[in-house]
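Below is one structure; the comments refer to it alone.
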């Protein structure tokens, strides 16, 4: 299974630590967006926390304005908005509900209206990045949000990332990250933000420890304790 | 993130247990191959254990003859064959080295010669199934073994499965299982068989706990503690 | 075009027959589900028969309860339900119409409502497997049914198979089977069940012999006279 | 399963026949290449006949020079070249062996040398089209020939088609045609050309009727009795 | 970066010119459809011109009836229909609006109704080819039109091509042509037809010179000055 | 073709310019790697300049050490190394030849030896990023280099990018960028570096202006004059 027979010394594992702080900063995800706005977008409450809770906590800690935008709340409006608000507070982000005021379904509006809601938010916030669902998700609403986001790109270039398929009950679908973000320092806040969705997990006897396993495996891929893995549709460098 | 708003009671989680033993047996992976021969095929020592060690232990416990076939040993021949033999013993399987007698590289022979080695083994063992690497693996030798196995299919139909990319140092590549095999009862033997490759892991300070995480996540996908996930090229039902 | 130059003797072709009955049973598709329930799901009448009529006949003959579930009947409600009932009787299966009582279109309801209909059926029947359309089908309703089935998986793990794109007038789309099921013993019942859809084929002068050709080619792939080929999203082994 | 409920009259099925001869000629595959040269390229003897025997017969009948180019003969050189010559004569084509003079393997030369052989032939023949294996074939030699052909394109633009995976013993691999060529008039010559490979089929008890089934299914897709289906890498229109 | 070291003489670059006129005609896109009808189909005004304006001009100049069919006009009905009519006149084509009489959205009707509109047009015009959007487009309406066209194929076989994702503000999505059509003689008419959509480009300060760059790059791929690149779902040869 | 009907004002086009310098720096490709080492890797001379010449010039101008590593020189060793050296000087980078001392082919060594050469370089340079060929390239040597790079990742995590298929004579293959790097300030140096390969372009009458067209189209995708587009296998954020 090994690729080379030559023994690989411990040098590989320790060199990274000796990098000067400046160089390390240059590859920081939070610093890339410091002083700017990032939109974390999800179809429903708890999607964002499951997908990118650790990255959001890191971004807001570094001075990025993060808007957690939920498209719709399909049931238990008051409870779920309150839970989402608590989770956003834990992560240091603002909460928005794009279809507010009561229980709504994404399918209640047309695709072009959903694009319109995103357009409005993009014109308002001028985001440097949007983090949302990906095209291989098993949930049609999640795919619809990704597709609407594709269209919104015509207004303005922004970094466009997708997070893994989110689910409280597991449904296997393919997902392969391209961007790895170290969340070793914020994994606990991520888990706490998920836990804030008490009505979805604790009160139904559903565990979410699987998301810690995902983060540990992603971390192992890049030599840190915990990482979130994102797919990339577009990233823009000057 | 939920798909339906209706609460899903605990009935879902308990029904499976009440199935009669006969019905449960019908979906058993080991019983599917009981009394027959299964080939677990890997490019190099330790690949097979990382990929399907738990399934092999279950198969052999149920009376299946399992042949663990290693294509070549690229270095430390004596040590690595001894380790592979110890691992095979732990899993209850037979060990074969297809390019025996000393350190060899798969690239030392032509593709059609590798197909020839597999053909010879298939003619000898008449396997009901072959479990080997998949086409998306990051290691060229692994892909070469998969490709040779594709050709060997012309001799005789057999169930043809691929296991996840195996690595002692992680390299992310896409892999999405289609078959899930409960290894809750054999996870410890799997980990012990991996540990038998002392020269690859312990003596180089490399951990393999990541493979327990993979098994836990795969188990979660089908409601058991630990599972191995395989891709399927072909499965044959009468 | 051959892979190996060595002549391959007739031994390959005869060995399979000498297998003891017990071993053969272990790889039987009907026996895998004996005593349990399988849902064959189609968007409209005749889809199921074209896709998996032979497998259904084999399943029901072996004691599996098979429910043929049709999502909607878009026209000629009485005629088409009667034909579907006749076909189900030929195959030994029960018929259900998920949107009953008159002509309906799948697009008449929202995606989450379609998921809700499937959820209800899954809660009721606790299926060991669902066989339905695949994601590459040329017909949007077929793809919608596949997608809804993806979501229903969150309720309970079940084996999840897709059959080839079904059409009375041919539209070429990609489809590659992974599971092959011997239907040599039930091909005639499959063709009879298709013929029961008199209003779709005979009365419009449309032939369906192409489906016998598909079965013959699939059979050739695994050394039997006729087979149905299914793609696999997930298969679960204990 | 139907897409529209409206009955579709017989008008659809008869209109095509009333087209004037000139219009029909414009969409003719043979006439597209009349007076020019087409290369049918295969890794080994019999590949070309299985893949595009019917199209070759139609091309040569219409005045196209067709060169059937076999890369190598891996065994039984005299016999197989004689059979290939007989098949070429049946189809009205010229035979070339790119690695002539005795049994050779494609892997005996480097990839750039294989590209060199194709380059030489392309410089010599200035083909309007090349028909060869595709990238999803199960046989490594077939894929190698396709890849070499990809590189040869840099010398000169030509129409570049791939035929289905060819095999005397079946190995399922994905293949979806994009171009359909009516071979109703030449199916018998195709079957006769395959039969000329007596050492591969008749003398080993292997049938090739499956290829007639493929042609019938492909024909059904475009409303003719028999068709060959090709994938297209590039087709050039002035 | 070169594939072969051998110098490639100028012979390659000049041979094509010496072909007799008859042979050249045989590979002509316009002559393939002369005397027949081609449908160029787009979701909204200006899509068709951006995608295949050059090919349409060449087709109509050679005597093909080209119908430019626009599914819907989402805003500024009078202005946009007038602009589309002017563009069609420049290209020598007829204009049709499938959802006429005022501003409409494709999502205002169901998928099966959209299929019905296309079916009606196909029954009326008996097209030899349809050129429309492709499945990877970033705009949901574009994908919906492609999908509806997939279904319409069941009525009658026709050549089925897709053009590149069209956009006035750029959104990157994958697209790889398979058919290249020389539009060196009609590039100016294409650019003029795009310019006719004054309300979309000039009056909003948006340039469309990018489409000239696309045509130049596509031309370079096949050795002409300008080309349009199309993907192919199906092309039918007699 | 537009996604929204609402007119999009000029605000979108001017906002970016008002960003403070600090924020702009955070998304700079050169600053991400300042003070570190980047390897630009190509199979042969001129590949790197065609693929990422503009990015290299920007990186070196910002203080990044860039090593341009050429695997082999297949012909005209002295001339081509001199040209490559001149190009590297123009771009401010160091030149390395991995198989030095005379004309060599990548196929002269085994895959594991090529991996070994890359491993050695990675151990020596500890790169923050590697930019090389991609997996869809039409040239087998290019794909081999990409594959070897995949394996080298096991030594150490690094950002891993692929550039578009490079060719002096065009061969169309799919490539879709995910990272866009503004090279408006270095496009002229890129073109000059390509021109330094006098023996490949000028002296054979081959133009390379197509690469300026690629850069202009990529620039248009993100609102700058010229950009290079890269695919991303992995990017690592702290």
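When the chains are written out, they are named A, B, C, D, E and F in that same order, and each has its own residue count from 1.
Operating definition for what follows: contacts are C-beta pairs under 8 Å (C-beta built on N, C-alpha and C of every residue); 3 or more make two chains touch, one makes a residue touch a chain.
Computed from a predicted structure; not experimentally measured.
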{"item": "Chain D and chain B - chains in contact with each", "value": "C, F"}
{"item": "Between chain A and chain D, the fewest steps along chains that touch one another", "value": "2"}
{"item": "Cα-superposition angle relating the copies chain E and chain D, to nearest 5°", "value": "180"}
{"item": "Interface sides of chain A and chain C: same vs different residues, half threshold", "value": "different"}
{"item": "A-F compared against C-E, more contacting pairs", "value": "A-F"}
{"item": "From the options D-E, D-F or A-F, the pair that copies B-D, where over half of the contact pairs coincide", "value": "D-F"}
{"item": "Distance-maximising chain from chain A - centres being C-alpha averages", "value": "D"}
{"item": "Between chain B and chain A, distance of the C-alpha-averaged centres to the nearest whole Å", "value": "33"}
{"item": "Inter-chain centre distance, chain A versus chain E - centres from mean C-alpha coordinates, in Å", "value": "38"}
{"item": "Between chain F and chain C, distance of the C-alpha-averaged centres to the nearest whole Å", "value": "49"}
{"item": "Chain B and chain C: spacing of chain centres that average the CA atoms, whole Å", "value": "29"}
{"item": "Residues of chain D engaged with two or more neighbouring chains", "value": "3, 8, 74, 112, 139, 151, 154-155, 167-170, 172-173, 221, 234"}
{"item": "Chain contact graph, described as a line, ring, star, complete graph or other shape", "value": "other"}
{"item": "Inter-chain touch pairs (all)", "value": "A-B, A-C, A-E, A-F, B-C, B-D, B-F, C-D, C-E, D-E, D-F, E-F"}
{"item": "Contact set on chain E toward chain A in their complex", "value": "74, 105, 107, 138-141, 167-173"}
{"item": "Chain C residues within the chain B interface of the complex", "value": "3-4, 6, 8, 11-12, 15, 19-20, 22-24, 26-29, 31-36, 112, 115-116, 119, 123, 126, 128, 151, 154-157, 178-182, 221-224, 232-238"}
{"item": "Complex contact set, residues of chain A against chain B", "value": "1-3, 5, 7-8, 10, 42-47, 50, 74-76, 139, 166-174, 176-177, 200, 204-205, 210, 213-214, 216-217, 220-221, 229"}
{"item": "In the complex with chain C, residue positions of chain E that touch it", "value": "110-112, 147-148, 150-151, 153-155, 234"}
